[in-house]
Amino acid sequence: MKRFLPSLPLSLAVFVLWLLLVATFSVPAVALGLALAVVLPLFADMLRPERASFGRLPVLLKLGAVVLLDIVRSNIEVARLILGPERAISPGFVQVPLDIANIHGITALASIITLTPGTVSAELSEDRSHLLVHCFNLRDPEGVVATIKARYEAPLKEIFP
Amino acid sequence: MSAAFEILMVALLAIGAFFVLVGSLGLVKLSDFFKRLHGPTKASTLGVGCVMIASIGHHATLGDGLGLRELLITGFLFITAPISAHLMAKAALSLAEDDPRPSPPPRPDQAQPREDDGPGR
Amino acid sequence: MLELLLALPFVLALLVAILRNVPRAATAWLAASAPLLGLAILAWFTPAVMSGEIPQATHAWIPRAGLLFDLRLDGLAWMFAGLVLGIGVLIVMYARYYLSENDCAPRFFAYLLLFMGAMLGMVLAGNLLLLVVFWELTSISSFLLIGYWTHRKDAREGARMALTITGAGGLALLGGVLLLGKIAGSFQLDVVLASGDAIRAHPLYAPMLGLVLLGIFTKSAQFPLHFWLPHAMAAPTPVSAYLHSATMVKAGVFLLARLHPALAGSDLFFYTVSGIGAATLLVGAWNAIFQHDLKGLLAYSTISHLGLITLLFGLSTPMAVVAGVFHILNHAVFKASLFMAAGIIDHEAGTRDMRRLGGLRRLMPFTSALAIIASLAMAGVPLLNGFLSKEMFFAEALEIRGHDAMRLGVAGAAFLAGVFGVAYSLRFVHDTFFGAGPRDVDHEVHEPPRWMKIPVEILVVACLAVGTVPALTIAPVLETAARGALGGELPYYSLAVWHGFNLPLLMSIGSMVLGVALYFGLRRLFDIHAVIRRSFGRKLFRGNVLALLRLAWRFTYAIANGNLQRYLLLTILAALVLAAAPLAGTALFAGSGPGQPMPALGWVLWVALVAASIATVALHRQRLLALVVIGAVGLAVSLVFVFLSAPDLALTQLLVEMVTIALMLLALNYLPQQSPPGRSRPRRARDLAIAGAAGLGVSALVYAVITRPSQTIAGELLARSLPEGYGSNVVNVILVDFRGFDTLGEIAVFGIAGLVVHALLRRSRLAPAEVIPGGPALLPMPANLSQLLFPLALAVSVYLFLRGHNQPGGGFIAGLVLAIPLLLQYVIQGSQYVEQRLGFDYVRCIGAGLLAAVGTGIAAMLFDLPFLSSGHADPVLPLIGPLPLASALGFDVGVYLVVFGGAMLILSMMGTVKPHPKAPPATSAGATPGEAPA
Amino acid sequence: MMEFALASGIGVLTACGVYLLLRARSFDVILGLTLLSYATNLLIFVSGRPVIGKPPVLREGVAETLANYTDPLPQALVLTAIVIAFAMTAVTIVVAMRSRADNRSDHVDGREPDAGERR
Amino acid sequence: MIAHLPVLPVLLPLVAGALMLLVGRRAGPQRTLAWVAMAALLAVAALLAREAGRGEILVYLLGDWPARLGIALTVDRTSALMVLTTALLAAPCLLYACSGWDRRAPHFHALFQLQLAGLNGAFLTGDLFNLFVFFEVLLIASYGLMLSGGRGPRMRAGLHYVAFNITASTLFLIALGLLYGLTGTLNMAEMSLRVAAADPADVALIQAASGILLVVFCAKAALLPLYLWLPETYSHAPAAVAALFTVMTKVGVYAVLRVYTLVFGSEAGALAGWAWDWLLAAGIATLLLASLGALASPTLRAQVAWLVIASAATLFVAFSLQTPGAVAAGLYYLVQSTFVTAALFLIADMVRRQRGKAGDRLDIAAPLGHKTALGLLFLVAGVAVAGLPPLPGFVGKFALLAAVPEGRVALVWTTVLVTSLLALVAMARSGSQLVWRAETFAEGAAAPRPPRAAQRIATGVLLGYLVVLMLASAPVLRYADGAAAQLLAPADAVQAIRGTVPVKRAPSP
Amino acid sequence: MIETAVVAAMYVIGLAMLLSLWRLLRGPSVPDRILGLDTLYVNTIALLILFGMHLDSSIYFEAALIIAMLGFVGTVMLSKYVMRRDIVE
């Protein structure tokens, strides 16, 4: 199975993408979508990405909701800061120690950090033990680290065990 | 089309345009690269996102019927924005005169080097 | 038969050249067989020619331009052919012994026969253009013969000089002949000779005559273009004897004789030709006295005699023409023998310098006797042939009609030349054969081989025979030849040796006495041997050639100075001038079309475009910055496409922009990061002004065009796109159907670009401008995301490809959407990582794509439709249903493959350039051993 | 007004391109050629007369005339021109790289100008 | 298949080039493919010339679209002659390259075929934009041919060549955009009608656009003041490539001839023949300067390159006279000058290889291996290039001189005759320097290996063409007369192009 | 109403683009300019979507999609160049 369908989530993603693109459910379109969903991940697999087992779906959905909410919230927060006087902002870097070892997990975490306004993941240490994060307004480094670990890293550890 | 829908659409457009503008405004106004780096993330998330939803609604009512293709744009932005932000940050770090990075706190539990090399090599 | 006569020398020249490894005697006999057989043929024609017939052979060559291969053997041609062949036999015989063991005989004889053929062709030509053809051939073959001893500088220079002068004359002659043909309405000799009056009356007569005479005078070494002839003496003596006394230099006077009926008879002709002839006569004779080299003396003497003949033809009376023809014959005979004698002397004594020679009559009495007799003929001593024609010349000089001053002048010149002639002949005889013996000669001097003398003997016998019994020997020949030259009735003339005691005889005697007196007088006055005569002509020639070369050099490299900026500047200026010229003074611009309003957003775009362009210029010295900024220009341009209804263009521009940035960044690594401060301020100001003018000009033109109503055929394209091209994206239908041939060319260009880049970078090692310390950047997180992106992008690529015919998209766009994510893998993961895993052969990809596109086009041909005709099918597949298929899809597959293959070939080659071995090694501080830069 | 904006925009691109084209370094010349190619692409494009919002992609029920769609032909030409320009740029860039490596100068004439004649 | 004849000269090399990319890099299959394609192309070109020789204009509607909508290939005598000349030239060039260069230059064979496809496309197309595309095909292939396997100075020359040509192509596009904007069509025949019927207010604009176009063609043809790029480019190209390039300037000349007789020709109303006066002046000036350049050249190859410019300039002089005789003489001269300059490039290369370090430098005396054979080849080629009889250079020049109309005689004759003399002096100089002045090899020094048979044969073939041209002057000139007649009376061509109906499609909707 | 809002939003985006352009042209550091370009791309996506709404057409969707999907490639390469010079290692 792994040989012909290396990554089910990827196949699914391709299929969904295809359906969204063609925006019809005609037989040839769906058939082609299925074919692509099989073939394209095979191509991608030739690049031999690091594999990961995929954990619990409900956690994923919950994490998604949290992230979306955080995005909205921090968007507003950052917009306020930008429009306000600049001296109110005190930016800074913070090293987030990582518990999660899986590269997919790390990637997801870093992406979430970047997508959430106010924080940008700037660098992953070579041993993948620390993520360097730049905060737009860094008042409480420990607090930021703790929030990240609790809100995002913990569920991600469940998703990518 | 209901007035409520219309108001919702206008609001979405307003919010979207606002965040896009704020992002670019930050880019101009802020004094330091790392501060500015936070600008476009607004634009690419909430800014574009709101416009996208408005567009879905618009085409669903006026145009070719319901299509969720616009979601793909946000989807792709969610994949690509972190990559570019990450690399820009790394680029800026590599140019920084004195390293602004705080040293990582010691982590006794992960002292030994990892075995797998990762795809980056 | 005439054709055979002409072909003989050429055929044998080829034979002689091919048969290189045969004994010299065989080569010589082979070579001699050409003139011998030729003489036989000529003899066969003789009765007919003598009876006034003109055998003719005509073949078409380029009839449209009046060039016929027409051979014509009238009396003059017959005489000249006889001269060429007869002396030719003797020369071959002589040369067989003359050439040394080191000389390559086949080459010599081949050249000689080539020349012989050219000469024969010239005299036999019945078409003036054909005559020019052979005329130039004589120049070329004489060039080869003069330069035969290639190792000698004087030979090379002499050959070049002769070729330059006679070649120039030949070109002038070509011009003259073309004019003559225009005037006469034909290039056929018969026609031209018959229309003398019309020719002389024509307004173009003077320029035509000038050009023809220029040809004649250069060939016949007339003053002041005579100086090449003495330098041609660097040739082996047989060549000098043959070409530079008997035949080639006679080509000029031959032509003078040939065209006499057509050209002569005007005052212009009379004064020019006789004036130049007289000047040459005197200059040549005077110079001959002071030559120390035997061949030099003979060369100047030849010049003088050619002047004499020219003068005679210039006088234009029938008698003068007869005398001229007669002297041609006589001079050929005695001068050839003299040259051969000089050659024998050179051969035996090892020198031709009269200052070192002397007393040879004791050492080689027989040869001396022959040479002395020939010299006396040259001096015009009675009972020898030279006397007869000289006497005729004196007589003619005294009978010039009308002009008293002219008569006096010519007679005086004739007399003076006679005096000089006696003087140099005497010098030749006295300094060589009498007096004290040879000095500083390392040879034992003795008689030459038997067969080397025979040619000289024959010629000297001829001198004597003609001189004593002219009526029995030369009279019929002269009559035939003169009739050919005059083209009609001959005047009365007598070839008797004794005409009574008259003024010409008095002149002869006088010149004899004064000549002897002059020679000994000069010797007494100052040492004639010490006179050093520099060739003024050569100096002038050399100077001119050098000046020409210098001028050429200066001109050429002042303009083509190897500076690209200048080339580009000139190109832009040329375009500006040619575009501005028609517009100067016209009130153009605003067309009649109503202008469209500009939305404010458009101005935003305008500002972005203009600001980013100007910033690119302002920042261009910091290259990376310029690249970033130019990216904004590209984005602005694609937005223009978006707003102005061109979605395909916008897509393409966006994608190409990305790839272009990639290319430039890849290259920038191997180039300096900054441009040094460039040119001086005035230069910059100039460039700025030109750039401004170009921009203004383009703006004006564009504005003028787009405010005019359009008259495009595009309406029909729109209408026929869907029903006949099976696509609703009209742009794509144009690309793959209406103008599919353009696209085929376009992908060929794209594929070739890939090949070129591949060829240029495949094995090359380049040094990066700067190596940043540290190993390759590790980007695990972006790598992970980009691997996720990859299959999704592929799906988008397939989608864009499939819908391209009906919606924005298509093969090109899809190909790039496939290539860019792959490029991203290269960037983020490194080339080694990608190529080990995804080993495409991009070159084959290009080939397959091209084949697919062409194949789709060819498929139409199987249905008897033209290449690239589109087809359409709606197969109904089980389970899937109807599947609309346009043949354009096949074509687009080709585009897709080529674009993907080409783009990736370019990018991957540029990305995987090997660093130059001399480049500083990347000091990888933290890198593990496996991470050396790929 | 739009015509004027387009014409002037193309003019500015041309002027900037020409100025860079006349610089002495290969990279500057390549930049100039890139700008010029933008200018020419736009020029060909507008020769079909610029129209906002009428892309030549046929829609059902809309008459296939120039009143409803913009002229597609120049667009096809520009597409070809873009591709060709890209190919040419690629080759130029590689030749510039090789010339720099082989001749040790990125001067377009393959050698550094003497001090006297800076250009 | 005969119906598809016009497109085959493009398709054959294109397919061959594509196949070469698929069969891998080994020389065997590559050469086999190359020669099969070459033979086929020769046959096709000969057939095409025979068909065109009948006097009808062959129109091939690609995609079965009427000429005004799609792209039509148009074959008249001139284009068929160009295709045949190219094929005849290419064969010996290929042979010469097969003596070894093809192994050292990556993708040589594919690039060679694609170059031929580009050349033939440019000669055959009847569409102005398609002409641009094929110009680009042949140019980019020429970049590859010139630079593949090259180093150092060749790269510098290549950079000049590339940058210059891209600039010219940019101008080409500008001109095309303006012309399309003003006339609304790209088909030359169609455009000619629209130019003839142009609104008087547009005439100046059309002329301005066509002026820019003229600059482009003249840049490719190396006409004053745009010729400066050529000597360094050609003298740095590999021999077989330089020899093939001799037809590239002729593409520019051909394009001028085609466009400015058809679109702006005798029937173009206010713009009839406007370009030819400019061209005559520029041609004469170029001819003079190029002849001086030939005299000034430091190397034999540079000298030949200048002679290439001189020959192109001669063609401009001939064509700009616009009389049937002069145009025909020009076409004849075009063919012969292509062959002779190509032969000279090959000879220069062989000479270079026989002279050791001195190469083909003219100012250094050096021994020359295999002097006799090389000398003979040089002699024949030199005679031909200097326009001396009896070789066709003379025939062409004299046919040209004979056809000069009254008012121009003094100017044209003086120029042509004087420059012929300069060429003669130049050839005599270089020949005597290289061949005659050659020293003997030093004792013990091994003489260089003789030129390979392929090299000698290739050169011999090119010179053989000259002999054939000389002997067949009458029929070739007759053909050229027909070609000139077609060019100077474009109405028939326009009629034929517009009148050709598609095989299947309706001519109009 | 919506139409007006769309147009107004487009103007706002236009303003944002000018601001991004200013950063792109002004610098001062290279990453600043890269950031400006990146933001310009993101702004463009919004503009394209709005323009599609304005025209009632989804014809520019692909352009927006491609910018979203591949627009960042330029950013990546430029940043990599700043970091390493050698963008394909």
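Note that the chains take the letters A, B, C, D, E and F in the order they are written out, and that residue 1 is the start of every chain.
We take it that a residue touches a chain if its C-beta (ideal position, glycine included) is under 8 Å from a C-beta of that chain, and two chains touch if they have at least 3 such contacts.
The chain list, named the UniProt way, goes like this: A = Na+/H+ antiporter subunit E; B = Na+/H+ antiporter subunit G.
As the structure is a computational prediction, the values presented were derived from the model and not from experiment.
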Subject >> Chains touching both chain A (Na+/H+ antiporter subunit E) and chain C >> reply: B
Subject >> Required steps from chain E to chain F (each step between touching chains, minimum) >> reply: 2
**OP:** Select, from D-E and B-C, the pair of chains that is joined by more C-beta pairs in contact.
**Re:** D-E
Subject >> Far-end chain from chain C, centres as C-alpha averages >> reply: A
Subject >> Chain nearest the overall C-alpha centroid of the shown protein atoms >> reply: E
Subject >> Gap in Å, rounded to a whole number, between the CA centres of chain B (Na+/H+ antiporter subunit G) and chain A (Na+/H+ antiporter subunit E) >> reply: 12
Subject >> Intercentroid distance (Cα basis), chain F paired with chain C, Å >> reply: 60
**OP:** Please compute the C-alpha centroid of chain C, do the same for chain E, then give the distance between them in whole Å.
**Re:** 16
Subject >> Rounded Å distance between chain D and chain F, as computed from the means of their C-alpha atoms >> reply: 21
**OP:** Check each residue of chain A (Na+/H+ antiporter subunit E) and list the ones that touch at least two other chains.
**Re:** 17, 21, 48-50, 103, 110-111, 121, 128
**OP:** Any chance you could list the residues of chain C touching two or more other chains?
**Re:** 562, 564, 568, 572, 627, 643, 647, 666, 668, 698, 702, 705-706, 710, 712-714, 717, 719, 738-739, 742, 746, 749, 752-753, 756, 760, 776-778, 780-782, 784-785, 787-789, 792, 796, 807-808, 828-830, 910
**OP:** Scan chain B (Na+/H+ antiporter subunit G) for residues touching two or more other chains and write them down.
**Re:** 18, 25, 37, 39, 64, 67, 69, 72, 76, 79-83, 86-87, 90, 118-119
**OP:** For this structure, give each pair of chains that are touching.
**Re:** A-B, A-C, B-C, B-F, C-D, C-E, C-F, D-E, D-F
**OP:** Write out the stretch or stretches of chain A (Na+/H+ antiporter subunit E) touching chain B (Na+/H+ antiporter subunit G) in their complex.
**Re:** 17, 20-21, 23, 48-50, 71-72, 75, 78-79, 82-83, 86, 89, 91, 93-95, 97, 101, 103, 110-111, 114-118, 120-123, 125, 127-130, 132, 134, 136
Original post:
In the complex formed with chain C, which residues of chain D make contact?
Top reply: 1-31, 34-35, 38-39, 41-43, 45-59, 64-66, 69-73, 75-80, 82-84, 86-91, 93-98, 100-101, 106, 108-109, 118-119
Original post:
Contact residues on chain C for chain F in the complex?
Top reply: 600-601, 604, 607-608, 611-612, 615, 624-625, 627-629, 631-632, 635, 638-639, 642-643, 647, 650-651, 654-655, 657-658, 661-662, 665-666, 668-669, 768-772, 774, 776-777, 782, 789, 792-793, 796, 800, 807-809, 817, 820-821, 823-824, 826-828, 830-831, 907-908, 910-912, 933-934
Original post:
Where on chain F does chain B (Na+/H+ antiporter subunit G) make contact in their complex?
Top reply: 1-2, 5-6, 8-9, 12-13, 15-17, 19-20, 22-23, 29-32, 34-36, 38-39, 42-43, 45-46, 49-50, 52-53, 56-58, 61, 64-65, 68-69, 71-72, 75-76, 78-80, 82-83
Subject >> chain E partner contacts - residues on chain D that touch it in the complex >> reply: 21, 26, 29, 33, 36-37, 40-41, 43-49, 73-74, 77, 80-81, 84, 87-88, 91-92, 95-96, 98-99, 102-103, 108-111
